[in-house]
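What follows is a set of structures to go through.
Here subunit A shows up in two complexes: once beside subunit B, once beside subunit C.
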Partner chain A sequence: MESLSSSKSDQYDTIITFCIAFIVCCLSGAFITGVYLFYIRFRNQYYAKRIARLEERYGLLLTGIIFDEEDEQFEEKRKKLIKHFKKTYLRSHFNKRVLRKELLKLYKSFSGSSQKVLRDLYLELRLHKEALADLNSTDWSVRADAVKELGQIQYTDAKLKMLKLSSHENPELRLEAQAAFLALEKENPFGFLETAKAKITEWQQLNLEEIAKRIESDKIPLFASWFGLRNQSVVEFCVKMTATFNQFESGEALIQLLHAKDIRVAKEAVKALGNLFVVEAQLPLIELYPGSSQEVQNEIIMSLGKLGGTEVLQFLTDILYTAPHEQAMKAGMAIRSTGYDGDLILQQALQSEDTHVVAIAEHMLDERI
Partner chain B sequence: MKRILIVEDEDLILKALEFRLRRDGYDVIKAKDGRDGLKAIETEMFDLLITDMMLPFNNGLEVVNKAKEMKGKNFPVIVLSNVGLENVVLDAFKLGADDYITKPFSPVELSIRVKRLLNK
Partner chain C sequence: MIEIFNNAILLYGITITLSYVLLAIISARALNYYIRKNKFVSHEALLSSPNAPSVSLIAPAYNEEKTIVENIRSLLSIHYNNFEVIIVNDGSKDNTLQTMIEAYDLQKVNFAIHQELPGKPIRGVYKAMNPAYKKLTVVDKVNGGKADALNAGINISSYDLITCIDVDCIIEQDGILRMVKPFMEENVKVIASGGVIRIANSCEIEDGKLIKAHVPKSLVARFQVIEYLRAFLMGRMGWSKLNGLLLISGAMGMFDRRIAIASGGYNHNTVGEDMELVVRMRRYMADRKIKYKVTYIPDPLCWTEAPSDYKILSRQRNRWMRGTMETLWIHRKLAFNPRYGLLGLISYPYWMFYEWLAPVIEFLGVCYFVFLIVTGYDNWYLFMVLFLVVYAFAIFMSFLALLYEELTYHQYTSKRDTLKLMLTVLLEPIIYHPRSTWWGLKGNIDKIKGKNTWGEMTRAGFNKVENKNV
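Let's look at the complex of A and B:
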């Protein structure tokens, strides 16, 4: 009996020891987590305060320097300020990073002589060296920020680095590099397209288009010269740019692209032919229609509506009467967009025995739409 | 001394504009968002309004509208914006803005425009 109760007591002891150990572990864990969270919070607060303090100082110094430009003693004051900056504020990378951010904020907001003063200051304080060093960071977002910064500040010496990064595997970094290259390369701003291996996504294309619109018109290349590249996303982008920059001389090259294997390229070529009013494309588009996907067929109908012509109207009328609803609606829209002749066809369609055709014609002729 | 109200959410730009306009001899009142801007319009006396278009709480158009309501149709207003889209510019002019400046802008040019509006 005694040995039985002693063994039970041993068991209880083990359980109690285990429970105490477990509670101690939990409490230690909670304590360590608490201390860690407190440390993180304290550190973030410390940095936020430091950044705010530096922003305040840099703000005053920078606004002072850009608006003192009209002062007679500007050059002297500027030299003094640069010396003061270097000695007092630019000892650490942290401080330099904050200054770069503040300087760029002003640089983006102001133009003219103020912008020039800020750029000169940026270079004189050798902040571009910091940005160039960031290009070697292992963190892609730091690299992307540096790329953007060098592009904005127009540091043209970095354009070869940008060209190299324009084929980087990270899409965000790639886009920033392509945008920066567009801004920095004055002679052949779209040169990166020739070497671009990765896909240029639709989002990237939109961004590049926006930047391209800001480039001097005489630097815009003939995009058709890249229609033969292997990278189909580049070809798709070039087709879009052909229409955006009204490169009418590329009509024949666009017609050739109607049979492209990549459906997006073919679709963009159809769209561009309509937007550029390439009348020679009427027959090729009509011939392409039967074997195309529905997506391309819809584009063909809309482009034909822009081109007009007797044969085109006959073709669109056939679609209105025979095709499924979606294409028939598009054909109605296209017929309406051709003007007077189109309106006559739609008015005739109102007499049709096919109620579906009548409904479409009524819809298209409705003045409220 | 003429007083100018600047409504701008970007602290650094606000400071820069304040610095420039004070140098030109104006007194400056600042507001950092649309709500403060509207409050300043109701409570402060000033001769010209410069407002950014994109502001927290109330946008620039609301600020322009309020200024025109409170101070009269001929009250001079300059709108600053990152957006140069035609419809946005037209909206600002329809509400009575006297000038529309797209960022990036030249501070010297702004200074001349302010002077011109105040001398009208």
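Let's look at the complex of A and C:
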């Protein structure tokens, strides 16, 4: 009996000891967290002030040299500036980092010869060495930062490194490397597509497309040449690019893709055929319709609307009268987009006994929607 | 018997503590990765892209005549290329519809309505005649509640992604693009994406845009700031990483339209329609063995006004509890069901034990303590130690949430605001938590009694005074 009571007392003591230890840990944790929070706040404020001061100085020095570009003593001033930078600012890693950022910021806001002045300074101050060293970092975000920097400053010597990194396992680093490669490689900017093994997600495609729009038009390749690649996300991207850059000559290749196993590729091919007005696609699209998924069917209807033609109008009218609401609405829209003939069909639909068809026709003919 | 009860309470305490710690660790890792990966995204270039996915913003409105014009203007000013704004006037008793008609030059159009999701009759669809507002569609319908209004909006919407929002929310300018991103970057199908809701009380707001965030002046609202930071940055972020998120806030959530319709849309018979829809969509995918994800964006995308008095807050919390109970009951088949994987084995039981039953168990603990006093067991020392355990852990977790906020979004830049929040953290377990527990318990009692209404929500308005009956 006594031993039972002593065991309970021991248990009680253990619980109390544990609880007190827990309380002490939590309260200390809360206190340390609070102190750390303010430490971070002050540290960030301190660095923000230092950065602002440095940026101001760098900004003045760099813009000064840009505006002296026409000066007879420009070369002399430039050399003096480089010496000044090396002596005063480039001894600390922190200062270098701020300089890299400031130089890039200015580089993006200027163009032409001013950009060249800044780029030459960047190279002569050997800042690219810093960026190249960062490419070997174990932290992917440091590498991605360096990739972005080298791409923006047009450091073409790094393009092979970019090509290698464009297949990196980290999607963010991969995208940055692909974007940098687009900026650096002048002859075959989309060359990374040939070696891309990982999936290019829709998000990455959207980003690459926006970058691609800034590339000189004569450097844009014929994307259809990559339609046979095994990586289906690359094919999907190439189909989108075919339409974006109006590569009308790829019509036949796009028709071939209508039967692609990957539904996304097929869907994009359907969309591209409509956007490129490939009239030869009318029949293949009509034939494809019955066995396709609803998503692809919707795209087929919309593309057919862009292509027009008697057979197409008949097909779309059938859909309007017989298909479920979503497709019937799309068919109504497609018929409307064909112009005068389409309007006549919709006018006739107003006389239909099917109220659903009448509602769609009224909707389509209402100019206010 | 008492021994068993003691051990059960102890086990409950230990598991809930561990789950909080574990979620905090997972959230920290997920937040860190999210912040690092998103610093490379240049949203500006993509906001105007014609190839970004199209999004329908759906906002129900009920008796909003005083603020609706401003609210719509704020929604229309969002930066994104492909979107439409659908305002559903849910049979307002005031002049909400007429105000919109006059302000935006609306005309009733011949819209072909297909009620894929059932609901109360639609009286008309209106489009703006001014081309500047061509993205705006107004639906006028018979009153049927928020779920019904959202379903009407979904029926009218024409895009693949739908975003359901509260009409009086302030959405960040690039909010849609940020929410769309997970739908485009994941390797599995994303069916829904939620955003962080932040509290806008006392913040500087101009032309429907947030200029500067401040900590609310009202203590009640400040308690909710702490609560939201904990829930969003430490809880949901972790659940999202585990792909076990069950709730996307009704104030702002983006959904795959097809899946939302296929799974039946919003449920009219629950006051927790936001949670119920997410659970149902997850169940729909799991039943069909389709791989999917529900994601979550930790960026502060949506700012809303929190109740600033206890009476209104108690109604809101009462409703949330009833909504949780209803959802858990409707989907009881999920409980401990290995067929649903993480959803059935972890997410559902977690909500059952630590969200629904937490106030009940806490209340039982208090009753037990009273029982012990009555029966002569007055070990105040043990009581104080146990109280301090809970208090210390609570403030530690809240301080961590403040640290997460500081390290990530740093919305409250003034030191005074941070100090205010710290002080609030110290008060919260004593002043706010007991009330919150009581409201949860009351929600349980009201549900058992059969209460099924939303309750009146009165909001002060960001700038003006408004009354809102939902």
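As a working rule, the second predicted complex is superposed on the first by the 320 of 369 C-alpha atoms of A that agree within 3 Å, B and C clash if a C-alpha of one lies under 4 Å from a C-alpha of the other, contacts with A are read in each partner's own complex, and residues count from 1 in each chain.
We adopt the following convention: a residue touches a chain if its C-beta (ideal position, glycine included) is under 8 Å from a C-beta of that chain, and two chains touch if they have at least 3 such contacts.
A quick note: this is a predicted structure, and the numbers were derived from the prediction, not measured.
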### Message
For A:130 in the superposed arrangement: first (subunit B), second (subunit C), both or neither?
### Response
neither
### Message
Tell me which touches more residues of subunit A here: subunit C or subunit B.
### Response
C
### Task
Determine, under the contact definition given at the top, whether A:55 touches first (subunit B), second (subunit C), both, or neither.
first
### Query
Is A:325 in contact with subunit B, with subunit C, with both, or with neither (first, second, both, neither)?
second
### Task
Figure out whether A:354 sits in contact with subunit B (first) or subunit C (second), or with both, or with neither.
neither
### Task
Check the residue A:64 against both partner chains and state whether it touches subunit B (first), subunit C (second), both, or neither.
first
### Query
Now for A:102: first (subunit B), second (subunit C), both, or neither, which partner does it touch?
first
### Message
Quick one: is A:112 in contact with subunit B, with subunit C, with both, or with neither? Answer first, second, both or neither.
### Response
first
### Summary
subunit A residues contacting subunit B in one complex and subunit C in the other none
### Query
Taking the complex as given, what residues does subunit A use to touch subunit C?
12, 16, 19-20, 22-23, 26-27, 29-30, 33-34, 36-38, 40-41, 141, 144, 148, 171-172, 175-176, 199, 201-204, 206-207, 209-210, 240, 244, 325-326, 329, 332, 356, 359-360, 362-363, 365-366, 368-369
### Task
Within their complex, state which residues of subunit B touch subunit A.
10-13, 15-16, 19-20, 23, 103-109
### Query
Given the complex with subunit A, which residues does subunit C contribute to the contact?
36-37, 39-41, 45-46, 49, 51-52, 107, 109-114, 116, 127, 129, 181, 183-187, 382, 385-386, 388-389, 392-393, 395-396, 398-400, 402-403, 406-407, 415, 418, 422
### Query
In the complex of these two chains, what residues of subunit A are touching subunit B?
55, 59-60, 62-64, 66-67, 102, 105-106, 108-115
